[in-house]
Amino acid sequence: MDTRTAVIARRRLFSSAHLYDQKKFSREENLATFGRCHTPHGHGHNYVLEIFVEGRIDERTKMVIDLTDLDSILLTVTDPLDHQHLNFDVAEFKEKVPTTENIALYLREKVRIELQTRHPSLKLKRLRLFETDDLWVEIE
Amino acid sequence: MDTRTAVIARRRLFSSAHLYDQKKFSREENLATFGRCHTPHGHGHNYVLEIFVEGRIDERTKMVIDLTDLDSILLTVTDPLDHQHLNFDVAEFKEKVPTTENIALYLREKVRIELQTRHPSLKLKRLRLFETDDLWVEIE
Amino acid sequence: MDTRTAVIARRRLFSSAHLYDQKKFSREENLATFGRCHTPHGHGHNYVLEIFVEGRIDERTKMVIDLTDLDSILLTVTDPLDHQHLNFDVAEFKEKVPTTENIALYLREKVRIELQTRHPSLKLKRLRLFETDDLWVEIE
Amino acid sequence: MDTRTAVIARRRLFSSAHLYDQKKFSREENLATFGRCHTPHGHGHNYVLEIFVEGRIDERTKMVIDLTDLDSILLTVTDPLDHQHLNFDVAEFKEKVPTTENIALYLREKVRIELQTRHPSLKLKRLRLFETDDLWVEIE
Amino acid sequence: MDTRTAVIARRRLFSSAHLYDQKKFSREENLATFGRCHTPHGHGHNYVLEIFVEGRIDERTKMVIDLTDLDSILLTVTDPLDHQHLNFDVAEFKEKVPTTENIALYLREKVRIELQTRHPSLKLKRLRLFETDDLWVEIE
Amino acid sequence: MDTRTAVIARRRLFSSAHLYDQKKFSREENLATFGRCHTPHGHGHNYVLEIFVEGRIDERTKMVIDLTDLDSILLTVTDPLDHQHLNFDVAEFKEKVPTTENIALYLREKVRIELQTRHPSLKLKRLRLFETDDLWVEIE
């Protein structure tokens, strides 16, 4: 990492319901694979999204990115999931199983689009999605 | 508090979905009252239940209650809610609105029954139910 | 506590600077009493305010108080302190020393006024003000 | 609580080993009662002690107690336990079983002596001893 | 990292006693090197192990590894240490000093064996072992 | 990473005041860029510094670095900032804007000097500076 490069990281909580149901599977396969996560109406979590944005420290502001911008990106990407049932209310997960891995991939794509549009010189270095404090997925 | 009396407290997480829908209300009243919590399929949380059990320190074991017993009580009362949709899967909340307050009252009743059956000399001094780290309900 | 009474608790962070300087003291007394907290420009903290609001669970909403209202009260009382230097920017602390104890008393008064105005049937049962995770003041 | 009264709370971690062995018990009773806690050499914890000290806010300092004093009390009472094996190195627990309840009673006595000596007008309102983040004992 | 690759991380607590005693050292050298950690009976900690498992997201389950498997691995590797005295009860540490670094190396080996046996396509990307919340060792 | 190499990480809190004021900017530019962080007297934070020190595990002590040394380094680098107003009391920030990015760069330089002097074979692998639990900067 270059001397004047830094990563700024920020967390945001969102609360969603989900259930695991692989359409290709029989009911038995679904239960064997997903156990308690395969129910008709689902359960839920307080997800916590962490994004790590890398870039040069701006010569004038001495920041990588303004906190207001960072929060606006986090709100833009989590708002469509917050207080929703992922399987029923979010187009992406009507077909795809909303595992933590898949939600993380979805959010990475959304964050990248926001960064590309607003701050093309900045890069999403890492994204972490916590399902609970003790279980999370990390992607680069 | 008597010298040999103590309170032992224990936490347990469970993950559920819920939604707020007061049957007596019109759709407009439901939206005005519950906002984002009034959706057809709901959202969810990692709830954390804390129970505070008060009693005399046993002369022989030097404990108020054995941890295995305490965990068994917590499992017994939270298991019917864990990985369930409170409104659709739990009889209590098919009619009652599963607000954090109502879930706490329901859990207090269940914990009291377990204590009464297993350890009639012990008392549930306090119960806390966290919806997130920053929002919780406390009842005595 | 009556069966249908509950306490709802909520946290909010605010970031302020402060310094300890008792006008009645000589410089020597100030240093002896306040040590590193007695400097000309001060230092700062991420304060966390927790308020515990007690009341009957409303028959219709099944809540003690709506979360939006609760957050509005917290914002109203912490906003005048957030991102401010308590000694120089907040009238209350131009004369009074902004110890955690004094800030807690000030906030209790402000929360009580808000509750009295908005929800006269609700009571502030407890208020906690954290200076760090390991040091806080609790008043009733 | 009087308007000018407050409780100040402070945490301190100490790391100790312990084991549960009730001398009056046979080996079978010990194992049946204490399970994995009954081993010849013991195991250990990062204990966290929280003390809640109540008193009037001093008219001159605007504090209940100075943080340096509070930390000195915590150090005085936890230092004899820190980095020790409670059963073998601490007189109190050569006979008594070092359950969390018993350690809490022991620490309450020690804190009361310190407060009585240093600040007779202050009162230990509550003491909490955490064995882990999810299990603790609270005494008054 | 490939688009469909993710890291899943999981935490588990275990409670052990340990002491630092380098057989090659004289008592003076042991005290000079290890300070309060060199006692005859030891002290203890709530250790927290975090493992970061990297692999492709399975096409059918949309997960890197099932949570039940992950927990089984963590239980398998930590159970021989949990509620034990590392120096007296665990073969590995009868000779080797159970510093956090050495325990981390030991656990990495054990986790790798479990992964190799159960999920040869998955890789242990990182392992963190916390002695307290504020002190930990990280190895790859 | 070589088999016998590990990273040891350690946290330390310090409390400082700061304000954002870019001398090159007009008042309007300062307000537009820094918002609530541009005030005459500033606000403050409980900063948490984490340093990640990488090196070979010493053959004799089985540690990368002794905890006393690690804490001494952390104290040496944070003490000049702790309970100070960064803009008025710390030479470095009389001209430079004390953004979290800039404070992190400053601390990295200071930690490197300490490591170079005391333990030239060890390397600062990563440094994280938290402004709050939910916002931090990470540099290598």
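Should a chain be cited, it is by its letter among A, B, C, D, E and F, assigned in written order, with residues numbered from 1 in that chain.
Everything that follows uses one rule, which is that contacts are C-beta pairs under 8 Å (C-beta built on N, C-alpha and C of every residue); 3 or more make two chains touch, one makes a residue touch a chain.
Treat the numbers as computed from the prediction; the structure is a model and nothing was measured.
Participant: List every chain that touches both chain D and chain E.
Facilitator: Looking at chain E and chain D together, no chain touches each of them.
Participant: Rotating chain B so that its CA atoms sit on those of chain D: what angle is that, to a multiple of 5 degrees?
Facilitator: C-alpha superposition angle, chain B on chain D: 120 degrees.
Participant: Among D-E, B-D or A-B, where does the B-C interface recur, judging by over half of the contact pairs matching in residue number?
Facilitator: Repeat of the B-C interface: B-D.
Participant: Nearest whole angstrom, what separates the Cα centre of chain C from the Cα centre of chain E?
Facilitator: Centre separation, chain C to chain E: 42 Å.
Participant: I'd like the Å distance between the centres of chain A and chain F, where a centre is the mean of that chain's Cα atoms.
Facilitator: Centres of chain A and chain F (C-alpha means) sit 28 Å apart.
Participant: Per the centroid of Cα atoms for each chain, what is the distance between chain D and chain F, given in Å?
Facilitator: Averaging C-alpha atoms per chain gives centres 34 Å apart.
Participant: Can you name every chain pair that touches?
Facilitator: By the stated definition, chains touch in these pairs: A-B, A-E, A-F, B-C, B-D, C-D, C-F, D-E, E-F.
Participant: What residues on chain A touch chain B, complex-wise?
Facilitator: Interface residues on the chain A side: 13, 15-18, 36-37, 39-46, 82-85, 87-89, 131-132.
Participant: Can you tell me which positions in chain E touch chain F when the two form their complex?
Facilitator: Against chain F, chain E makes touches at 22, 24-25, 33-35, 96-97, 99-102, 104-105, 133-140.
Participant: Which part of chain D faces chain C closely enough to touch in the complex?
Facilitator: Checking each residue of chain D against chain C gives 1, 3-12, 52, 57, 60-64, 66-68.
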